[in-house]
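Input: structures, listed below.
The following pair of complexes shares a single chain, chain A, combined with chain B in the former and chain C in the latter.
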Partner chain A sequence: MYAKKMILVAALLGCGALHSAWAGKNDDTLRIGFTRESDTLDVYFNATREGVVMAHLIWDALLWRNPKTGQYQPGLADEWAFIDNQTLEFKLKRGVKFHNGEKFDADDVVYTMNWISNPENGVKARRFVDWIKVAEKVDSNTVRIIAKKPFPAALEMLSNLLVIYPNEYHAEAGPDLFGRAPVGTGPYAVTDVDIGKKITFRANREYFGGSKGAPAIGNIVVSNFSDKNTLLAEVLTGRIDWMWNVPADQAEKLQNNPQLQVVNESTMRIGFVVMDAVGRSGDTPFTKRKVRQAVAHAINREAIVKHLVKGRSTVIHSACFPTQIGCEQSVRKYEYNPDKARRLLDEAGYPDGFRVDLHANRDRPYVEAILSDLQEVGIDANLVYIKWPALREKRRAGKVALQHTTWGSYSVNDVSAVTSVFFSDNPDDYAHDRQVRQWLAEGDNNTDLEVRKAAYSKALRRIAEQAYWVPTWTYNVNYVFSKDLNFTPDYDEYPRFYQSYWN
Partner chain B sequence: MGGFTSHAGAPGKSFRGFLSHHGLVVSGGILGLIFIGAVFAPLLSAYDPYTQDLANRHIPPVWYERGTWEHFLGTDALGRDYWTRLLYGARASLFIGFVSATIAGLLGVALGVSAGYFGGRVDAAITFLINLRLSLPVILVALAVVALFSGTFLVIVVLLGCLLWDRYAVVTRTLTKQLKEKEFIASSVALGSSRTGIIAKDILPNLANHLIVVWTLEIAHAILLEAALSFLGLGVQPPTPSWGLMVSEGKDLLFFEGWLIAIPGCALFLLVLSINLVGDGIRDVTAPENLT
Partner chain C sequence: MTRYVIGRLALAAGVMLVVSMLSFSMIYMAGDPAITIAGESATDADINAVRKFYRFDDPIYAQYGAWMANALRGDFGRSYYLRAPVGELITDRFPTTLLLGGLAMLFAMALAVPLGVAAAVKPNSLVDRLSLMISVLGQALPGFWFGLMLILLFSVKLRWLPPSGTESLKNFIMPAITLGYYATPAMMRLTRTSMLDVLASDYIRTAHAKGLHPAVILFKHALRNAIAPVVSLAAVQLGFMLGGSVVVESIFSIHGLGHLAWESISRNDFPPVQAIILTLSMLYVALTFCADVLNAWLDPSIRLE
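For the complex of A and B:
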């Protein structure tokens, strides 16, 4: 049966290419397929996940976070320490060279940190750099980075996202050329760039190794496909060795393919239903706590995870990803109970339910399942399915009474990267809860772990008690790749190709 | 084009003509079945098109190994019965097709007949409008409007009605111009008939058989456009069933569960083909040269 289908697929694709299939190992070239294109390789101007993944190949940051242990390890810095709660000092690694031969030293770090944190340079990923006040050179091997105020996520940013430019080349090339012809210290050097189509990397044989280790695969080619099914066809015929974000149903079918491996891994992305508890969008039933609690009881999250989301996803009850520092788990839980939901609606003064628009920007089947559950208890929800930028704009303008959306925290393992983003004084906040805001600020601006945890715990428990959100589930990613490739995905959703090798 | 008459053809004769035209009978039969399916959908299926059953997702149709008679066309990604979705989806297609082609017809005929009959400045102005409309790419305008006003049924019907009138206008304008020169129109004028009277009694009946062809073409056109918009996520919004939406929802599993696309795809193909054949058949049967 399966063989028949494969023949059909091959015929459909009109491909005489099967004979050249699975050639990645033979020519030592790992071919990666992405569906989101990058308009620049400069990670400060392209902080998409794909952009960060490629940046990890080209550059190094001062530190490296071990995805298995969560510990920070040396990157371009061998040692680091907090001088006070706003100042970090780094002892840099000696003898490191950029791809163009330029020597790495304290000037490069100072130049990079000061350049990216200067608002005039227009770095797009402001969230990652805004905390930096200034970087200072102590000697050619030592630098200090000073934060504007105590910033607990500093090491997280410095280990994952804030890569180091070569100061001379960057100043000479300017940001545009640098984005098209980047130079770094990383395990792979860029050899050819066709923006939006293809980027070719070659292993940096002089790489210093360090925590990332020496690259094993000789060449990497990243190609862009506008349509996921086209990419899947390329994977099925062996012209692409690796793809990700394969929907659960497709991944299940691909498991039978002897040429491919399918691996599922959890991610830090969570889904949640946000209700307008303050009436920003007008006179809405969600200003009543019982209505919000009714919504929480109405959605059968267990069934949706079991049958639709699948993989390593789990139902969550707290407004954060379970491993994030400060993510309190012992909060009020709302079990699936449609009768209770109807009763709560009745008590809140809506015995016949009400009509509302449910906004969403992704995962239509999941949202349709939520919609059906809401209709079951009498909430006549009408699906408004729009693109992410449109939803974000509408949400920030206070026009959305009910929405299901997701947040990946940029893989930052800290509650400040999610709960504080949505419940602090900003246009994304639909709770306007002064107490919650106060507790979150306390957690965000303190470096004492116990104080932070206690503050976040209070905030998260109140959020659940008030049912401002219905946290739904964690997301997972299906990776599909050639059986010749040894690749291990990590929960932080940053594929580390520099650690992959051929079987 | 030679056979204009001053009165409509004999009905009895044309009915016999209908039955002897094989293409018309077959396509009319298919269209009739789809129509009956859409109208009597609740009687023809035991399921609700919106009721989800997450434990029974992607059950294949009965001719596959895992298929069951309980869901003889299978179930979709949310466990909804595919046959039921197909029947209710036919309602969306037929409604949008018929209503928007009719709105477009009213607009196009009014403009075309006025241009052809009155000539002069009226004709120049309407010809300009026709050219303007022909220069607009339909799908692009439709996408932009739907993106602005969201894809509700009303928006789509009105939008397609306002976009598909050009063919009616072109055809009726030309034919009216030719008709106006005929002797029976001159006699009507001489007998003192009003302009409205002439248009209603002498011109429109003579346009009827051409209009039927254009109308059927536009119904098919509107149905395909709705399917295209729904496929792109801008047409009928889920969970409302629509054939274009069903194709769109099935496309992720194109390589594994091809029937998810094949079934609504075949339904669309049959519907559009049968409407076009019915139009052709009616034209053949009612053409004046076949009535004499």
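For the complex of A and C:
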């Protein structure tokens, strides 16, 4: 892979001025290249980021989260309010139609919410629908969604992930056909689907607009490429107008290409080192706080971000993404200090360090840098680099003493989507801290924002104080696209193509 | 001859059985398949439900037996990811792979045969060495590297050919060269050896004595006889090319069997991988079997070995 990269980088240096025919603007068709196939367009069965991006084109949710302000704005609902701490009431927009002409009303919302929350229907992203107890129709324009228990992240889910089906068409088509021939209210309608290869969208000229606004680009074609370098070649030859996740070194070279724009944006994905603080994996040094703190002082996160991760990534100290609701920032910080790390190890009874397996499933160069830092202070870490399913299996079985992993929170801007996932006495919890668990539960189950923030703050401070995790850095994405395209990426890593237009 | 054919058939069946066991066991090589299918946000209950639904709890031999029994009926199950019958996916993608394999074979023959003839006409000369170097280079270059170099030159630099896709035959030029070039050395060397044998035979000497034009002797009399074993080898190489298209199809985004295999491996979607391995192996074994039988029919001494 390294060789492949080098070849392309070398070629890019000499190819800057060769471009002439950039088709996208000429035929009003935005050509997008992804490297991950989508098995279905039904977002409830395809929770990949690409799947959600396409879902935002096809469907609307009840609300829309403004990525610039973080505020919730009208989507398919004009008004909303908590009736009590478990019931949300929505006044729906009138006059909205699905792509097939079906009229949107309360029946569609009730049908969708009750269908996705029914475990028998096998929705994949259970975490996002399990909180729904039932949806009820008040009148043709009003619905209530009742949660099983107070669920403050409900608005976040309803503004981003939970899109509304057309009840009649969905019931008639069934999930499989619906995934291949989807119908929504969104700014783009699907006109052709070749699963795993190509998906074609046409602008919905009758779109109601609302917070998303009317689509400006006439057509969008999403194609799949299994090799990122081939996709890059397609972008360089002008056959593809947009791609993302371009490695930092290649992105730097592409900055000089006059036909392309390169934009870097942070994402909600964070990295972190997890240590087995309770000895689930056996007799491990990480049960001692000083050892965990030594690890935190040993890793030179600033240097890794500066030289490897690059872009808009930043070092983090709290076990969440900084913009997430409740993500306390004034927590104990562990500066890079290898001498202090050695001293702490000595005090913990490991003057000569120890040997341990460091598990990871992605970002090998970053993990190797961590490994090297640990070796510097005497921790002889052996890299066990395995695929994600295998790591998850081992992790949940309590067999991992030390790991570096990442979490994207599914772009849910709330601490409950990350900290609560890993510290709630579940198989992913390697801290088993009762206090932390109680504070997180208090935050997760309360609708009062200030109460939530206070609870999460206590939990996050303790996590940092105890050094259960070493939060490492935020991730970033390099977007490369045609100079003809006006596109602005957002930190939540959901490209909003419906707001793009040709320059 | 019948005994020979039965022996080869038994060997082919044995190979297929081992391949089927190996391809089936792949499903457990990258961890619990239920975790992969359930997805990143799945709870333990979701994973258990998946495990139960796909019967991953059954003993492995029972799972293998059920899978094999279905496979023999042409039912390879459903892709976990694409949620389509694997048989349909293979039927849909196989023609593309076959076209790529056929074009690659044409390229390999078009390069290997003239080089082999040239090398045989002037053995141990500069032409011979050059021919050998050109063909061996094909085997020495890794497919992904060579493919990317072609893309850089003919797509990014010169803009002559599209870097990927399958819209027209133009899209297949670079993938066919990448795939075919690798198979060139064996065919070139066989052409050379075979031509050297034929050129040293009595009837060629007689043809020269009769004063026939050298080109007529070379192409009409010598090559026609020397090409038979090369064609036999080409049949086996075609099987190899179909299997070897995984990397080439991925580089050039050709949605054939190789691409499907690559994508399926990367997402731990094993039913298509198992079926593709089984199908391509079967094809390879069948082509090898045909070549063996053909050779034995042409050369009785092989039957007696």
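By our rule, the second predicted complex is superposed on the first by the 482 of 503 C-alpha atoms of A that agree within 3 Å, B and C clash if a C-alpha of one lies under 4 Å from a C-alpha of the other, contacts with A are read in each partner's own complex, and residues count from 1 in each chain.
Rule of thumb we're sticking to: a residue touches a chain if its C-beta (ideal position, glycine included) is under 8 Å from a C-beta of that chain, and two chains touch if they have at least 3 such contacts.
Everything numeric here is computed off the predicted structure, so don't read it as measured data.
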item: Chain B versus chain C as contact partner of A:418, first or second or both or neither; value: neither
item: Partner chain(s) touched by A:229 [first = chain B, second = chain C, both, neither]; value: both
item: Chain B versus chain C as contact partner of A:128, first or second or both or neither; value: second
item: Partner chain in contact with A:383 - chain B first, chain C second, else both or neither; value: first
item: Partner chain(s) touched by A:195 [first = chain B, second = chain C, both, neither]; value: second
item: First (chain B), second (chain C), both or neither touched by A:463; value: neither
item: Which of chain B and chain C A:161 touches, first, second, both or neither; value: neither
item: First (chain B), second (chain C), both or neither touched by A:298; value: neither
item: Dominant contact partner of chain A by residue count, chain C or chain B; value: C
item: Shared contact residues on chain A - chain B and chain C; value: 8, 229, 233, 236
item: Residue ranges of chain B touching chain A (in the complex, touch as defined); value: 50-52, 54-55, 57-58, 65, 77-79, 150, 233, 237-239, 249, 251-256, 258
item: Residue ranges of chain C in contact with chain A within the complex; value: 30-33, 35-36, 38-44, 46, 79, 81-84, 144-145, 148-149, 151-152, 155-157, 159, 162-164, 250-253, 255, 259-260, 262-263, 266, 268
item: For the chain A and chain C complex, residues of the former touching the latter; value: 3-4, 7-8, 11, 14-15, 18, 37, 39-40, 47, 124-128, 130, 176, 179, 195-197, 223-227, 229-231, 233-234, 236-237, 239, 386-393, 396, 410, 427
item: Interfacial residue positions of chain A with respect to chain B in the complex; value: 1, 5, 8-9, 12, 228-229, 232-233, 236, 247, 249-250, 253, 303-304, 306-308, 364-365, 368-369, 371-372, 375, 382-385
